[in-house]
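What follows is a pair of complexes built around subunit A, which joins subunit B in one and subunit C in the other.
Let's look at the complex of A and B:
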């Protein structure tokens, strides 16, 4: 009579069991996600990176002007902040500026024109472009809404040729982030294939690949990049240089990943579930693709997330040294290279903003990568 | 204002050359006392010493550091070191004071023309404004009425920096052992060649007189001679034979020479000889310049000390130079050099200073205790887009570039005032690359500004007129009857000026009239190589020979090398005697004819020929000349506030050897 009630588990215990139940039936990816979302900073950075990649997809939409359009009469305008309230009411506006060349120092000097405010609209019409290269449109996220074609926004000021720094930054973001992604994608392919061969087969292939990895890792990277990029034909068009740089970066960048993959293969080879699969008569291919790769896929993703910022930095450094992308291509490195002179540092510090953006992007990737790495192996605590 | 200055300077020049005559000397001796810097030391005494040697020797003063050596007996007295008739230089502002170190920057061993420009070590030299030629090492010259015979007079008693006498033999040594030596001079330079290719004759008349004889009139002889200072690693027409003989097979057994060559790790004796002849590489090589090397240009700090035998004095009889020492500091890049300038660590620097840093330089003037002066260019243009007249890789484009209306159209399509604002800080003036307005060769405003106005409508009309009416979807003009868009490439090198920026602005202008334009920023050596191999379509460079269309290597002449990519195949045609390359068009041949006839023309005729040349050049629009007369090329000058006698207006050009034509030997530091 009394035993059933006593045997009934308390509510709390039930809940705990349910939670454990959920954990034990959850897929690997669900576990990774649960673990990852606890890492608040990584989560925040993920959102940031999504924002970056939105810019990569549709830089024209975020740009306020044509990034190439020069206007000599509008050179070196400092950044003008966006104001949220107009006369106590919600309404975006930006200050108008007026300026002229100082007759003695020959410097362009700009003053905010207090009498005029440029109303700023959202989703305004402007420069026509093709969204994703397909849809013709002329809508931009932000833009002057005064209807006067001469009004411009100077969210990040202008450079020495009067080009809009904000718009250039948007297009630079596309180039630099894309190079990072593509280079890492190449690296992953190379790394997984070579690392997989090395780890799974062992023996001579392992020996050769590992010595190759060591050789590549022992080479001082910057001089090698310099040599390789200097060997690029000088008459290549910017797009060709872009792909060549990407290829160079990935050809030298796959080694860490290959090591990682090899280590995983070596470790997993001895695991019970692999033995079980073998005993069950699975083919080698199936064991690799169905059992082993999914187990360390999260690791690969974490590692490649950490590799992207390295690639971005590499591209930026090369372009900064004048050996990577060259104008008229726009990338973060090119923007910084153009700011690499006394004039800019002394008189137009707002042109150094791409440097900040590089820092933010690289930090974000690193933090996300950290979070992913922690979350990548949900079974260990 | 400028014209006024020209007159003042011309008058000054006359006074100076007048001073160079013996009669002027006693005047100089009248007032050595008040200005002589060594007054506070015991130095004036030694100057009195030579009184017993010569009867009427003028009382010269010298730098305290030399007076000490004289007192110690290691150096002869100043009157013995100076020639009988020294070069007397009228200081720009005032008679100076001895002492000080001139700190200057250079960018490495290849920056040797930095040394060359400061020294301007030549027999004769250009006046500061560039309008006339004046004596320097030479005392003077005479020419026959037909300009075929030129007699150079030297200064009796002039000495090399090691104390050896400088005589006619030193010029003959150059003629016999360098010019006529096939190893050193495989091809005769133009200025020493007769029309039939034979060499001009050089004879010694007496110890201080040398005669140059040409078969044809050579009215440009002095202009050429004013540039023969060893610049660009050439050989000056006066060499210290007493020193260089040890490196020359005419005087030294080949076996000994080979040993020296091997020791110095050169391949041939010619390389060794050239290196030993370069004062910036060999401090032992005696020179006639105001300062003598102490270290080498390959060192981190390249130091020069005053030449105790320098031939010049100021109007008060003080031996020049005033400044004791030159210290060239090595900078790995021009940016670092500019920063040193801004920080006030350079006393006088024009070379490598970047025009775009002008605002920063100007704003830091007080902190750095310097001031900025500008020396605008000497005519020509600071940026031109040159069309290749012999481009053949793309026959359609080649023909288009050979079409005058196409070139005129692109000239009209170019918004020069925008480029002036964006790339030149609003300095200079949009113009064709002709001589400067203050120069006798100036062909007039009509020519200088022809085709330079911004008029896209005219450009479009002209392009329509040559059949480029059809356009593709992007708005680019198509070759008639094809679907091939007209695409033109501008090759540009990031050197000297903001040329890559100019290129991008020009490209936008041209695209606006429907000509697709690609900008290729190239490394310098590659660009030069492409010029040689006729791979350039258009290029951006400067036209810095605007004041010298007939001498040196004028960029208007399709035959010169190094030149711009005006017509590389036609140059080959001329060089091969018509066997290879592309025959010149009548228009190009006309340029050659004008330049050749100038060589034997009288100075008045030369003025007319120059105007004709410029008019023809501008008419043909072989280049889209953007802008000139800006201080872009070595014209932004940092000057220490305590440095004096530097002219604020000056002819600025490579043939003038700026700043050498500002006479650095009479610059001085105000002593505390």
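Let's look at the complex of A and C:
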């Protein structure tokens, strides 16, 4: 090819080289992101989880009322579903409810009255609270905008004490999601340190840690939880119980991660590039932090994402059985525990909504975790 | 053979304990290297040859002190003119000596950290040995890349952008970054395509001339060794069976195992071959070696004494060491060059 026109490569070829160039300078995190964003479902679930964590950050803002306020006259009000369109136009409203006492049972029976519409506003004034515990404000995301104090908004109805279920759900979300996160964070710390010692140094420490892991893994979890949580003093404040439950969950939950980290360290110890670093004169600290940990970091993150829903389920089950958090603390498990009777299922099915929320959150975590794992380690599946 | 000795390996042994049971008691030893002695002169290339599992990698890693030898001496002559026994040094004492001896790995994929760019990979030895200035490091890395035939513009790329041969060049650049005296190359071409092997071998030869390097060159067949080594040491189940100048060893092997390895070397004209020693069976395990001469179950010349008595390594001609009871009587076929 000696003709002068052949010297300039065609445009398509140039584009191909540019793409190749982009790949060759792409770091591992970039590659992981490129692979992760191909999972549409995982991406959608990530957004969902971001939404959940916004609630965790500022539950008061999302709540419409005080979650603790009881009102016996407002018990078992059904959900007033939020409507987006009013008379063909964008406009939030919810139907009002009307109560009538049943002459035979003497129970208040509430009916949703679609004809009476309560307009719903955004960023409305309501209960004062401190945003993030810092800024004094009384703005809430949603609230009745009619100006009539008798118009109350129960988006998910009320429970047997007349407490607003939606607001309680917001605060329950904060507790349950936080427990999941903190318990996993503790597990990661324990798992990475103990697994790292075990895998990097081997020998006697490895022997002891491995036997401990086996012991913990062979114990049946439910009786252990029962024993440990039953041992918590009855008069502890909710925060103390919260902390203790988190600790119990993570003390039992670090073993899987420790195994994994140990395995990675064992495999990496034999890698040539680790030996090369050693021969170059790198310190132990540098070898661990620059050569070993970064190669399995993305994997640890994926594993942790998959561990969070397990913790959430654990907390929910414990509280549901009455062994975890107890009222006045609010968590998904506590909400479900309060709904655990035939009367609720028959008369106030809206009180089971927290169960749906648990399912959605757990599914979202699992899908994101799976997506992350595939993206972090495309060859191991 | 008047060049000064750079490294003297004396009675090197490396046993890996076999642990069993809940308490991990030592149930035996894998004698991966069992009493190996040789010297490497400054500027020469010594080949270390043997089938898979003979202990070549273990010898290399002991020399570089990636493993701590079970016993023996590794007398190394440093740049500063001292002689130190590497086998006895602690991790901290070794660190200042590390730059003088480096390694080229077999696997071009596993030997480069996939999370680091070329700049970080080749520049790391410089960084940890005190070259903190980034610009100076960039210049040196560029220089090193040019030296091994890679374009300095590739510096920001990750290893996944390169082919096996190119990766091996990156590994060589990293090994040379600290200006070593001794380079241990553990099968540096056996994982590469045949077409690329010659390029890498030529690069190694060229670099040796330019930088006056000393090589310990490990290979599992004698074919590669012929072009690059001054002397060859043949290993079998953790022991040296023959050592000598390449030319002499190829023309007239004195140990049946060497002859068998030579028979596996492809030659242009098969007619020149006669009376080849064929290699049957497998290498025995170093955890449970045969009695007497370790080679006797596979040796076509084995006599009664071979089954019971281990031959001693002796100098049969100047610079020629063999361990075989029948070294003097056997007439073994070589490769005419």
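Heads up, the rule we're going with is that the second predicted complex is superposed on the first by the 355 of 381 C-alpha atoms of A that agree within 3 Å, B and C clash if a C-alpha of one lies under 4 Å from a C-alpha of the other, contacts with A are read in each partner's own complex, and residues count from 1 in each chain.
Following the convention adopted for this analysis, contacts are C-beta pairs under 8 Å (C-beta built on N, C-alpha and C of every residue); 3 or more make two chains touch, one makes a residue touch a chain.
Nothing here was measured: the structure is a model prediction, and the numbers come from that model.
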item: Combined model on subunit A where subunit B meets subunit C, clash or fit; value: fit
item: Touching partner for A:291 - first (subunit B), second (subunit C), both, neither; value: second
item: Contacts of A:70 with subunit B and subunit C, given as first, second, both or neither; value: first
item: First (subunit B), second (subunit C), both or neither touched by A:160; value: first
item: C-alpha centroid angle, subunit C to subunit B via subunit A, nearest 10°; value: 130
item: First (subunit B), second (subunit C), both or neither touched by A:25; value: second
item: Partner chain in contact with A:276 - subunit B first, subunit C second, else both or neither; value: second
item: Contacts of A:323 with subunit B and subunit C, given as first, second, both or neither; value: neither
item: Contacts of A:343 with subunit B and subunit C, given as first, second, both or neither; value: first
item: Overlay on chain A, subunit C to subunit B nearest C-alpha distance, Å; value: 43
item: Residues on subunit A engaged by subunit C in the complex (per definition of touch); value: 20, 23-28, 207, 271-273, 275-283, 286, 291, 294-295
item: Sites on subunit A touched by subunit B in the complex; value: 68-73, 75, 101-102, 104-107, 160-162, 234-235, 237, 326-328, 340-343, 346-347
item: Interfacial residue positions of subunit B with respect to subunit A in the complex; value: 335, 338-339, 342, 354, 356-360, 362-363, 418-422, 425-427, 500-501, 504-505, 508, 518-523, 526
item: Interface residues, subunit C side, partner subunit A - complex; value: 24, 61, 64, 66, 95, 98-99, 101-103, 105-107, 110-115, 117, 124-125, 128-129, 154, 156-158, 160-161, 171, 174, 177-178
